[in-house]
Structures are given as C-alpha cells and as structure tokens.
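Residue numbering begins at 1 within each chain, and the chains themselves are lettered A, B and C in the order written.
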C-alpha cells in the first residue's frame, strides 16, 4: 500500500529543524517520498508546511538534519546548490514569473543558462513544455498578458522543462480566482498520471483527497498524522486533525 | 526694452563669439558624456557588488557613497586638482572634472540602483534560484533589469542635475562653455556671450528637464 | 598630512568662512523653499495659462547649471545697472535655482494628494488658502519628504559655489589660507568640516529614504 513507508525513497528527510530567530518552525521532521508518489501536505497556516518545502531546495537552510535525494545528500556543501536545484522543480503561490520575459523565455532561461543548451534547443524544449500545459499558443505573451491560471501553468512549464526528479508545489492555487483553480489542478493531475514525483502544499482538500497517494497533516512544526486520503479524511481520530478539517469544512460551506 | 534687449543680445558680438562658445559647448558635451558613462557604470557596478552582502565590502561602499554625498562637488574638484599634486599625483583639469563628477554620479546612482535592487520582490530571486540559476545569474538576468526599469525616473533626474555640474570645470580653467563665455564677456565688456551660453544650456537641458517629468508622470500612472 | 602649525594658522580662516557658509544656507534654504512652494501652488492651478507660467519658471531655472545663474547675476546684471552686493546677489541666484527644484518636488506632492481631500475640506467651508494650508500642503509635503530634504542638503552644499564669486565662505577661506601658507592642509581641513557638517544629514536621509520608499512621487 502506498501509504506505508515506501520501499525505495527518492527523497529522504531526517530530523529537519528550522527556526526563525527564537521561533521554532520545524521541530525535527522525518519524511520519505517514493518515486512517482504524490504527497499532499495540509495543515493550518504557520504549521511549517511551506518552510518544509523550501528547506528541500534550500531556499531556507535547515539548521539540523539531513536530506537525501536519490541517495545523494543535498544538505551541507553550498557549492552544489545550483545542481541540487536543477533536480528539484518549484512552483510558487505567487507564480514568480519574470515580468520582462515572454512565456517562452521564462521557460527557456534556465535551459540556456543552467543546462547550457543552445538557443534553438532551449527554445524547442521550452515550447514542448508549454505544449504540455496547453499554452504553446501563448509562447510570445508576457506574464502581464496572461490570466493567473495561465501564469501558473507557465510557471509549471518552467520547472517541467528542467525535467527535475522532484516537484515542489507551494500552495499553487491559493493566489488564483476560484474559476481558474481547475486548469492548474488538471495540469498537475496529468503530471501525476505521467509518474512524476510531487510534493504539494495545498488548501484544496478535494484535490488532496482525489489525487494524492499520501496525505500529511502538519501542525506546529511536526508531522501529526499521515496516511492515505481515506485514512486522513475519514478514519482519523486525531483531535488536532479533526478540528482542522472541521474548521475547513465550515469555511468551504 | 529694446535698448536692454540689444544690450543683453548684441547680434554682432553674438556672431563674433559663437565659434568660441560652440567650441566650449563641445567640451561641455564631452565632459557630460564621459561623466554619464563612467558615473553610471561605476554606480551600477557598486550596487551589484553590494547585492552579494559581503559585510566589509558593503561598509566600504556605503562609506564611499556617504562621503561623496556629503562633500560639495566643487570641494572634491578643488581637492583633486590642487591637493593631489602635493602628493605627486597630477591630473589635468579636464580629467579632474570627469573624475569628480563621475565619482559623485557613481555615489548617487549607486543609492538609486540599490534601492531598485532591494525593491524587486523576493519571489523573483526565488523563481530564478529554484530553477538552478546561480545568485549572479539571477541578479543579472532577472533582478537587474526590473530594478533598473523601476528607478529610471529618479535616475534621470539625478543624472541631469549632476551632469549640469560640468560648468564647475570653468573654475579650474577648462575651456568649456561657461569658461569660454566668461572670458569672451570680459573681452567685449558686454554680457552677450553669457546670454548666448545660457541659450546653449537651455537648448540642451530644458528638453531633458521636460522629458524627465514626462517619464516620471508616465511611471506614476502605471503604478 | 596635517602639520600642527598649518592647522593652527588655518583655524581662524575656516571659522570665519564657516560663519558665511552657514549664513548663506540659512538665507537660501527658507527663501527657496517658500518661493518653490508658491510656484508649486501656482503650478497646480486650475487655469491652464497660469499653470504654464509656473512650469516655465520651473523648467527654465532647472535647465541652468547653478554656476551659470550665479555668473549671470554677478557679471551680466551689473551691465543693466543692477549691482547687488555680493551676498544678496548670490542668495538671489541660488534662490532662483533652489526654488525651481523645490517647486517641482512640491508640485509632485500636491498632485499626489487625492482629490477627495480638497473636496472634503471645501465641503466643511474652508476657503482656498485654508484648504491648502491646513489640509493639502501638510499631506503633500509629507509625501515628498525625502526629496525635499535631499534638496535642502544640495542647496547647503551649493553654498560652496560662492567661492567662485569671491565670497569668503568656507571653501574660499580655505583657498585663501592655502595661498597664505603654501600648504594643502586648509583645503583638506575644509573638506573635513563639510564632511562633519553633512555626513549626519546624509545618514539621516538614507534612513528616511529607506523607510519612505523612493517612489518617484
């Protein structure tokens, strides 16, 4: 069963700790993610979900613990940051597209500067990635000319083009108008179907229930509960989780 | 009024001094171009260096900027021109002016560029870094463009006002526009050369001043 | 670098120069600010021709290097029979220059005050001058505080231009002292005095600029 500890972990985190000043955000996180798995991370704001993701590609430096990606330690030595990050794609809540570049250039920049591809090849690969998110026809558009949903799909294409081993999604639909959420989730479902490994911090409970292999509930810097969507959303008796979900349903209703 | 007008602008004198003033005008343009080139380049380079957050280097940059902002340009020019020779460093008046104004513009533009760099959102840095770009690549391909675009209005203003200081070169006897006008005025004992010089300045700087306001209001609307 | 004898000889020169520098700054800054504010108010007038005159004033005097204005006032106006004493002549030239900059800054500040503020103030029965004095100007000036203060600094620094027309302010006094003792010490000491005077101001300005974003308005 997918929910039990995976046989071969693509990502292995042990004892990750992080605090901002005196405030502890992560209090020793152990977590494994198997290749091809979609892990949804839920929890109240301030629970440390985003910080956890940001520690994985070292936008935040964890103060203790170790992370291995594909059996290679990615914590520690600073010199390899760029290498680590090309293997880990990240999609942000605020898209973070470059406003002065077209959609195509947004995708191809890292291809030519990090992977050192020739212009034609980078452009071809960028267009292929845009094709996958259904936006090839918007290749020449600037971010300001795109809807929020389209911008987020370009941002997904930007990480997709690098063919990373692992994708991190940090609340990818939280900044979107409700009617635009669907198109982004659809792209993510397709990626899942193609066997990509994804960690998704999300408030979309329906998506977590339907698409995730495993759901992780975090609160106050620790993993409180994890399991299959069914186990989390139906069977759990954990009081903190129940209270969180109750709160959530109240808001959605 | 006609009499006064003739006094300030005597056609015969104007025609006679025009070649001299034009020569001076060309020197003024050269001084301006060199100041803008060196000053803005150095200012941008310093702001970029500051982005790396190397504390001792940043202390040096901020100290340099503060000193150059504190001292009047004329004081710097006089020190470079009259004091440095005492230490066997001789710079001719022309290059002393270029050096002075370039350093001053570098200091002021560093502050402006730096303000631009710090106001680019953190997400832009993270977007670049997360795809594997190095800090330097992110700075140059992603952040800098947006930073510079944001600061064009204050940068234009400051560049114009510092470039106008090329007139200070007349104090150390560089034969630029004002210097030529002053000596011609002394020669003819008539203010016409000054009037003509003023017209030259007006012709160059008035459009720039109007342009900089245009840029500013266009940006203000965008925001 | 600083020979003790040279320092001792220089100090009286610098002290008398410093007095003149301060006098010039104390005269020029308020005059230029007052004049600039008036021009800015005119530049925000509802009548187009009136506005145009203010803009002409602003652009005309911003287009000249301050030194050109000074030379003009000192060496051209006397031909007209208008021979001002040195200090008033310098103050006049720098007030024209400084007020144009102040006017442009205050004008931008006034333009940034929402129209509703005028309307609300008028609705309570305040007259035009009262609306400006009590409601609009304070807000406008607050919005443009960093460039205003920076212009104060620039005007204070520009008092050094008076040395060119033989007013014995700080820089000129230093050069006289330098001529008297054949040593660069007075110039370096004068530079030091400027630094001590203006560095705190520059630091303060940096802090304010950081706090109040540098946005062009």
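The rule is short, and it goes like this: a contact is a pair of C-beta atoms (placed from the backbone, for glycine too) under 8 Å apart; a residue touches a chain by one contact, two chains touch by 3 or more.
Note that this is a predicted model, so its numbers are computed, not measured.
Novice: Where the contacts of subunit A and subunit B overlap, which chains show up?
Specialist: none
Novice: If I average the CA coordinates per chain, which chain comes out farthest from subunit A?
Specialist: If we average the C-alpha coordinates per chain, C ends up farthest from subunit A.
Novice: So which chain ends up closest to the centre of the protein, judged by Cα positions averaged per chain?
Specialist: B
Novice: Nearest whole angstrom, what separates the Cα centre of subunit A from the Cα centre of subunit B?
Specialist: 48
Novice: Just the number, please: Cα centre separation of subunit B and subunit C in whole Å.
Specialist: Spacing between the chain centres: roughly 18 Å.
Novice: What whole-number Å value describes the gap between the mean CA coordinates of subunit A and subunit C?
Specialist: The answer is 55 Å.
Novice: For subunit A, what residues touch not just one other chain but two or more?
Specialist: Expected reply: no residues.
Novice: Of all residues in subunit B, which touch subunit C in the complex?
Specialist: Per the touch definition, subunit B meets subunit C at residues 4, 7-8, 66-67, 69-76, 78-79, 82-83, 86, 111-112, 115, 119, 151, 153-154, 161, 164-168, 170-171, 178, 181-182, 185, 190-191, 194-195, 197-198, 201-202, 205-206, 208-210, 213, 216, 219-220, 223.
Novice: Which stretch or stretches of subunit C touch subunit B in the complex?
Specialist: Interface residues on subunit C, with respect to subunit B: 59-60, 62-68, 71-72, 75-76, 79-80, 101, 104, 108, 112, 153-154, 157-161, 163-164, 171, 175, 178, 183-184, 187-188, 190-191, 194-195, 197-199, 201-203, 205-206, 209, 213-217.
Novice: Which residues of subunit A touch subunit B in the complex?
Specialist: 57, 59, 81-83, 85-86, 88-90, 92, 94-100, 109-110, 113-114, 155, 158-159, 162
Novice: Going by the contact rule at the top, pick out the subunit B residues touching subunit A in the complex.
Specialist: Touch residues, subunit B against subunit A: 121, 123-124, 126-134, 137, 141-142, 145-146, 149.
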